[in-house]
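So that you can tell them apart, the chains are marked A, B and C in the order they are listed, and the count of residues begins at 1 in each.
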């Protein structure tokens, strides 16, 4: 029994080294004074300063943020509706097609989604005259579409775990269906809705392939900007940008983790309390 | 007015709204685009804008693009490269991810929380930046490349000495970065699966006299097959259609299929050909998906018969 | 198979409080509830008793309005409720899982249904306080469901269902999730609350003792059908069907034929017992008719000496299970059948001087009036 954990722990160490050495190296080289991004030339924070002076980067980041906020919100609304429909309405016309439509985008290669959406927008512009220009609107529409199914997945799995009888209890106590939805269903699944939103937000703010297809001239999101720079090679200001991202995400994840752990502790304490008061 | 509205909600109107609004959305922005792709694959390329038309010998079913798919070796090679890279990446993800997932189930719960967080963390950072991080390591004068070169030169005879290790713009780089990027997708479902296994089974097997390796082979591995399949799918499917990784670190002379689609579409402006290649890629992906859903439904059936709580 | 005893009273008399008439529920081709008809009077505690999957919950859900009957009608307090939606019925349910709203405090849970009543805030708060008091949960008003114990949750569920003063309260296995001691305690609390509120209760359970203690009347169900309805005594002492006799309590039963009817008694030939047995006759018995004679274990006397009178059986003790206040003996008859006999340990005795011991030759006997005759 004791030889295997040693091997497993070795693999864990190897795996985490594999995960984090590239990222740590990237962070380190963001403080590199040299213009050659991969050769150490002394410590400096000049790339950060340069980054914040670069209007293009700021502009792209703001556009990305705007798209992500809007598309995550709409994706959450639509995705939650779908999740509820799939979990609570057993029979309706076209249920099979709908369940196909919410799983297909999960496995669809982004390139295909990208060219398909672009062709749709071009043909729509030609036949309906809308969207006249590609950019903010088309990117947002595409992001809503392919991130809403992730929200659906999260909400749906929460819904099928939830006890249906609490909804029935609310009906039994005189609530109309929409009151049940407002008072019971939505509050109970709200954590899932929130994680769905977070997922949709990160998917949107991280997307490069689909955005790159459906965007128009002058509308550069941050990932598109990075993409076009990275294609030309490694540059130190991207290292700085990457470091900022990693730090923001890292802080977010640590906060979330601590909150979760505290909630878990509270739950345990509550259970002990319930046990102690047992009649 | 408000009374009327709530009446409407109660007469299953709200149900209709909840179903049909997202439904229509998905049909318009997801299903119709794919019908367009399918239709486009039977069109002919023209020099109009948009660059396609339905003409030629058979205006409805023009198979020209599909014929090219099989006659031009570029496409066949691209498919083979894609599947090959995806399979190798999946296998390496499994070889690295399985012991890691199993290791995660064996550490204390505090460590487990921290390590799981560390597995998920890169997943929340930008995909593009993770690829970029490796570009920094693989370049010819990076510290990592020089380290590898020095190790190589120290271990091998002088005649084999090299100036640097060629990593960028090779299939090796593509596979390496894919393994790096998709490893969390392998670890997480495997961990979820392994964590649910009853440790009493291991103990029972050991109690019956099996040695640890034997227990793993007889008890743990067979029970983790659903997790392996799930993880495998989560790695294999996106790896097949990957565009970013091969574009940034791949070998341009043997492109993967995602890049072919993108190039046909943008550089060659050959929408029908891009669509045909895309349709063929989807057909290629349907097979593993069927296998996956088969295992999924079987796992569900087992769960149902066992009367999972 | 229409049973005269189960058929509701003719329709011209005023409707009883609850009337279920010809109710059937199909799930696809599966009949979960099959042509059920019965009445419930105002103020009763009425139990539905039966094995797992016999359709108890389904029947209850049709009363609550969650399932629509495939056929049949449900009247509650003189109104046809068959297609009235659950939220418009004066009927509340206490769920098997309690179904407390996890995101609301105990107080909010109890007050939830009152939101739909035309009440002022103060009236609502009063009513909630009254309910908290009724179930003795006032100190826990501000807690969430996961912060209270199982027994307390059960009482919150009860208070929530009672808050709107329903005409009919449905309870699906109200005590199943509680441990034995708490269950007994809560049983009496339930009866007490029913007594004070006067609300009609319909209780689903698969615990026979619980059903017999709680209810004024109970219905035994099997495979979606009602087998018998009656008071606890009627069901236990005068079962009408073999299923009821064997489902409630334990019983020794023998197949035989009627050989002779003399006055109030019938003589039954039973191949397993050798000699004919005497039993109080039931209506519609004729000589030559196949019949089942059943005797409950506690109705059999056991002793080392042959007793006087009729219905005497000889056997050998094969096993003794000692329960403290009584013992259960397994007695093998010469023909090979094994009977269960239960005897109260009225006298203090050591292991070796009790009524009968392993391998003892014993005599069993029962009174003709204790024997149950069953034809279906």
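One rule holds for everything that comes next: a contact is a pair of C-beta atoms (placed from the backbone, for glycine too) under 8 Å apart; a residue touches a chain by one contact, two chains touch by 3 or more.
No experiment lies behind these values; they were computed from the predicted model shown.
J.: Among the chains here, which has the CA centroid at the largest distance from chain A's centroid?
T.: In terms of C-alpha centroids, the chain at the greatest distance from chain A is C.
J.: Going by the contact definition above, tell me which chain pair has the most C-beta pairs touching.
T.: Here the largest contact count links A-B.
J.: Find the geometric centre of each of chain B and chain C from their Cα atoms only, then give the gap between the two centres in Å, rounded to an integer.
T.: That gives a centre separation of 58 Å.
J.: If you average the CA atoms of chain A and of chain B, how far apart do the two points sit, in angstrom?
T.: 17
J.: Could you tell me which residues belong to chain A and also touch two or more other chains?
T.: Each of 176 in chain A touches at least two other chains.
J.: Can you list the residues on chain B that touch chain A in the complex?
T.: So the residues of chain B touching chain A come out as 6, 9-10, 12, 14-15, 17-19, 21-23, 25-27, 29-34, 36-37, 40, 50, 96-97, 99-100, 102-104, 106-107, 113, 115, 117-122, 124-137, 139, 141-144, 180, 183, 187, 206, 212-213, 216, 237-238, 240-244, 247-248, 258, 261-262, 265, 271, 274-275, 278, 281-282, 285, 289.
J.: Give the list of chain A residues in touch with chain C in this complex.
T.: So the residues of chain A in touch with chain C come to 163, 165-166, 168-176, 183-184, 187-188, 267, 270-271, 273-275, 277-279.
J.: Note which residues of chain A are touching chain B in the complex, please.
T.: Per the touch definition, chain A meets chain B at residues 1, 3-5, 7-9, 11-12, 14-16, 18-23, 25-26, 29, 36-40, 78-79, 81-82, 84-85, 89, 92, 94, 98, 101-102, 104-105, 107-120, 122-123, 126, 141-142, 144-146, 148-149, 152, 176-178, 181, 202, 206, 208-209, 223, 226-227, 230-231, 233-234, 238-239, 241-242, 245-246, 249-250, 252-254, 257, 261.
J.: Across the complex, what residues on chain C touch chain A?
T.: On the chain C side, the touching residues are 64-66, 85-88, 91-93, 95-97, 99-103, 112-113, 115-117, 140, 144, 146-152, 160-161, 164, 182, 185.
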